[in-house]
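First the structure, then my questions, so here it is.
Lettered A, B, C and D in written order, each chain numbered from 1.
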Amino acid sequence: MHYKVGILGATGTVGQWFVKMLEGHPWFKVKNLAASEKRVGKKYGEEVNWLISQDIPKYARDLEMVPLDPKYFDVDIIFSALPAEVAREVEPIFAKNGFVVASNASAFRMEEDVPLVIPEVNADHLKLIEVQKSVRGWDGFIVTNPNCTTIILVLSLKPLMDFGIKNVRVASMQALSGAGYPGVASLSIFDNIIPFIKNEEEKVESETLKILGKFDGNRIDFAKIKVSASCHRVLVLDGHTEAVWVTFERDVSVEDAIEAFESLKPLQLPTSPEKVIIVRREIDRPQPRLDRDAGKGMSIVVGRVRKSLEKELKYIVLGHNVVRGAAGASILNAELMVKEGYID
Amino acid sequence: MHYKVGILGATGTVGQWFVKMLEGHPWFKVKNLAASEKRVGKKYGEEVNWLISQDIPKYARDLEMVPLDPKYFDVDIIFSALPAEVAREVEPIFAKNGFVVASNASAFRMEEDVPLVIPEVNADHLKLIEVQKSVRGWDGFIVTNPNCTTIILVLSLKPLMDFGIKNVRVASMQALSGAGYPGVASLSIFDNIIPFIKNEEEKVESETLKILGKFDGNRIDFAKIKVSASCHRVLVLDGHTEAVWVTFERDVSVEDAIEAFESLKPLQLPTSPEKVIIVRREIDRPQPRLDRDAGKGMSIVVGRVRKSLEKELKYIVLGHNVVRGAAGASILNAELMVKEGYID
Amino acid sequence: MHYKVGILGATGTVGQWFVKMLEGHPWFKVKNLAASEKRVGKKYGEEVNWLISQDIPKYARDLEMVPLDPKYFDVDIIFSALPAEVAREVEPIFAKNGFVVASNASAFRMEEDVPLVIPEVNADHLKLIEVQKSVRGWDGFIVTNPNCTTIILVLSLKPLMDFGIKNVRVASMQALSGAGYPGVASLSIFDNIIPFIKNEEEKVESETLKILGKFDGNRIDFAKIKVSASCHRVLVLDGHTEAVWVTFERDVSVEDAIEAFESLKPLQLPTSPEKVIIVRREIDRPQPRLDRDAGKGMSIVVGRVRKSLEKELKYIVLGHNVVRGAAGASILNAELMVKEGYID
Amino acid sequence: MHYKVGILGATGTVGQWFVKMLEGHPWFKVKNLAASEKRVGKKYGEEVNWLISQDIPKYARDLEMVPLDPKYFDVDIIFSALPAEVAREVEPIFAKNGFVVASNASAFRMEEDVPLVIPEVNADHLKLIEVQKSVRGWDGFIVTNPNCTTIILVLSLKPLMDFGIKNVRVASMQALSGAGYPGVASLSIFDNIIPFIKNEEEKVESETLKILGKFDGNRIDFAKIKVSASCHRVLVLDGHTEAVWVTFERDVSVEDAIEAFESLKPLQLPTSPEKVIIVRREIDRPQPRLDRDAGKGMSIVVGRVRKSLEKELKYIVLGHNVVRGAAGASILNAELMVKEGYID
């Protein structure tokens, strides 16, 4: 079972993590790396401003970069780490030309016929693929994963859904790597917090409802909960921390919530972590530097589950924003599509 | 109008800010500095590990430190920057001996007969002083100011009270200086967030109700609102940032809230800022490094006031945790007591 | 004694400090602010991404920005915070049109007929102005101040020159603000050191020799010392720290060096600090956060003066890179020119 | 080939790295962990304030901690991460009782009969073991590794020795983890540099001469070079960066130096890196966050080799202070002793 894959936007922060996470992948082999025009024809290793500790994987160093054009790609799957505005132009061209596009970009997430998937949460939303292909008349298709902050939040909400969630408030403390490169100027963020991230709150508040919604055979019936987010950039390298308040229809005990968190099952995919949610009992966890690499960055870590106002619990959830929240999310989606037979 | 004052716990972080803020004060003149036993008899300038940019004020350098014992004090007002457990022992001794104690310590804040005051919010709670003196039979008395996170929050809640607050959720991102010295180890907090501060959430959730309560002639009738706090330490030197959700009895518009914030009047005291609440209209303010020194650290800064869930607003509020949130809070209380005639 | 002044490059980091330092200046009044074309015609307060704690000075907020063209300027002195490549084009046009240009840019620093001045070190190099005007046939002229790292180093070397310096080695640990805005990406510098700053070592090694050289009536006879620099960017907001080794012709005692440092006299100019060099005796000073604001940022602070190899001393020197090292340096030069009669 | 080992000072920063690096070690199996009295009898996993990303190795979690007393140890080798003053008392007791002590403590490094070893530099100094055993009449012995800053420096100097080194100047920028836990207060080091580390310069200046000296059959004949160090603490988690100037007896080209660096051979020991010195050609490397984990933290990384003053080169060298500079150094020494037959 081997598939050839390509990466769009390979030199950015998320692109670099695709390159790194796909090194030695049991199913996927990177064949093509695409970047902006000025880099085309140059070797990846010479062009990329590599920001991840440890060297550029050897396989990628001498790959010559190609344009964002299907005719240069000889692959089965396209991973897209493109900025939204570029993705909006480019991804449909690949899909139309028969490629499977596993995209981390926000451009198509909220389109009616595009699956927005976290494998452990709503794998069945992949059924939208058929709708999409038929509506658009494409040979290929686009499957997206949510925004990083949303993924981490929703993974923690999923096991609580059975208790009847009414609404959710979340304050995020987001890492620098979430803003890409060059991203946030050091002069802006040092000894500081920036209490605003463009479009972030809107994404968390809308994507969550789609992911937690139900596929009714034709479309997604959005979840009937409400989410209010306040998003902040802080001086942390990797790992988004979120303080969450969940109001339920009824009283839910801390113990029941913890049991639910721990019972969320991983799928048996190459990039799946051993545990999807790790619940820490220490009084002061999770912490980004200590917990972001749990499950090689694919687990999320929950802690400080405690009573809040009436019929409400509060807790902290943390995840690696570039691994579980971006590159790893797309890879897991692609693995799921392979397993479910969506890719020949 | 001149009063002699002393400082208990003068070498700690809050103690240092007392020393700094009282330099050149128009009403108060520092006569005695007290510290832990091992420092007694030594000069302040030689013992203190001065951590504030700019030098130790000249007046304080050669002051010889005295023990935490009334007999060494020849002053009218005692400012206390003691840790709670020491304050619990020491402050009553001073009060019993006729001193006015303006305390930043948490030890007595929630006692029934002890005023917990923010001058712009509940100046009339000073009337508890008479109750306290009569109940305890003391010649002096203790007046406290709230916890730093609470002060910043409550200053922003006060102008909203008329709209009918039902409940409040707050996620704090608190500065290093709030933990005192040596406080948080750099190895613990660097590239990290610690999502736990001992007793902090409890303080915010309980003190708020007392401050916003009404004095009924005998005691404080606590405010009938509910508060749920999630407190986090982040890598910022000074300035606590708080993401706040306020649920009202009825719909409140963003414009009405802003108008209310801006109409909170400063008192005419030496340490009062020109504006109590500064509302910033920029999309990404307040930010701790840029806004903590507003009004010489005595203003709080509100921004991003926006609609949330039904009958709910959310906003960011920021204040200087050691100035408005600690030393400046006690000084303002003392100034208020002078003005109101509580100190001969 | 009042002069009208203009600022070129007013929206950058150094430009902002010009705006701030000139607020309420006793001799200079800012009339014009110039910035890049896209900002022309807009109000300064609406265009600048103000990064200095505390607000934009009121006088500057509503100033309409003008192009980098002399005909828009009605001033006596031009302060230039332009990037080198722009300065190379623009500054001569101003000088040709009769303006006095006090420039922080590197473009002309090493030109034979351009004074490179630190008032306390080589005020007499201003005599090059006559040479410059006669050689170039300009009505105005350009006077430059050195690179920030160089200024701080040379101020500490000047008092040691009488002992006979042979050579100097310096390792700098430079602040983020030295790179301007957006400057260094947070992802690049967080939890990191960048041991390279473009052209910086070359500037330190060459400018030092010119400043410490002698004006022979016609040109500068460069100092016969050698300098070897290693420059590094570190995670500090403001303040460059430098570890210096000075090898002398003969043995120099620590006491003699300290005495020399402390005897460097300030000029009596509005922006002069009370002490040019502050020598700290504590074992662990100077430190950027605690010492960069000494003398309102115009003093440099020396510490840890100690014996090194044979006939060698080592010490730490620190200064505020944007105040003493840039905006304040140009302002001090302009003040000196006024005092010395170079400006009508 | 299996040896049982114990760790003294197992809960500190270096102790934790011993625990981590010895997990799954092919030759060594951890049997006993010792810590200060108050922790004795408790489980390691419950007592340690684990600060390394990823969890406490499973093997260590339930180990019951024992006192610093030989009678509780059933091992062949003792790794010591004790503070110097405790090591001075305790290590001789273990050596006297027949244990091989591989110590990271500074207590005995400069003793005449104690080997101070970096395997790739002076493996033959182990011959001092016989001298030590005979002089002291011990059944066991103590072998030490140098201070972290020294190890990184000396590994880079070793290949240059053949060119004839006269003297060395080094400015270090040292990581937080080098100060242990709690170590440096965040309030002290944030937005700051501390240009002083107690005893550090003395260690670098003296230990270097011993390590680079020659064993003459009886004692070490110290190297005839001179070293002058200036040591600074900066805001970096792990990884010491050093700016080095080396003055030679003769002209040495950059190319020859690089060739020498790259020709330093690793020993074939389990913890040996593939390359001892990695030379980076990029203009801005090495950088601590990107390079400290090279060779799993056991390589050092050199960059920016360039001409300086006459007969002088300068360069940057970087290494992981806790891995190559402490725990890994002791482990490598123990592996060398096993290979050389010093341990039965």
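Quick note on the criterion: a residue touches a chain if its C-beta (ideal position, glycine included) is under 8 Å from a C-beta of that chain, and two chains touch if they have at least 3 such contacts.
Computed from a predicted structure; not experimentally measured.
Should one ask which of B-D and C-D has more C-beta pairs in contact, the pair is C-D. Chain geometry summary: the mean Cα position of subunit C and that of subunit D are 42 Å apart.
Subunit B and subunit D, compared by their mean Cα positions, are separated by 47 Å. Chain contacts: subunit A has residues 51, 190-191, 235, 237, 289-290 touching two or more partner chains. If each chain is drawn as a node and touching chains are joined, the picture has every node linked to every other.
Here subunit D touches subunit C in the complex through residues 167, 169, 171, 173, 190-196, 226, 228, 230, 232, 234-237, 241, 243, 245, 283-290, 303-304, 308-310, 312, 314, 316, going by the rule given at the top. Considering their complex, residues 50-51, 53-54, 190-191, 289-290, 292-294 of subunit D touch subunit A. On subunit D, the positions that touch subunit B within their shared complex are 13, 51, 176-177, 179, 181-191, 235, 237.
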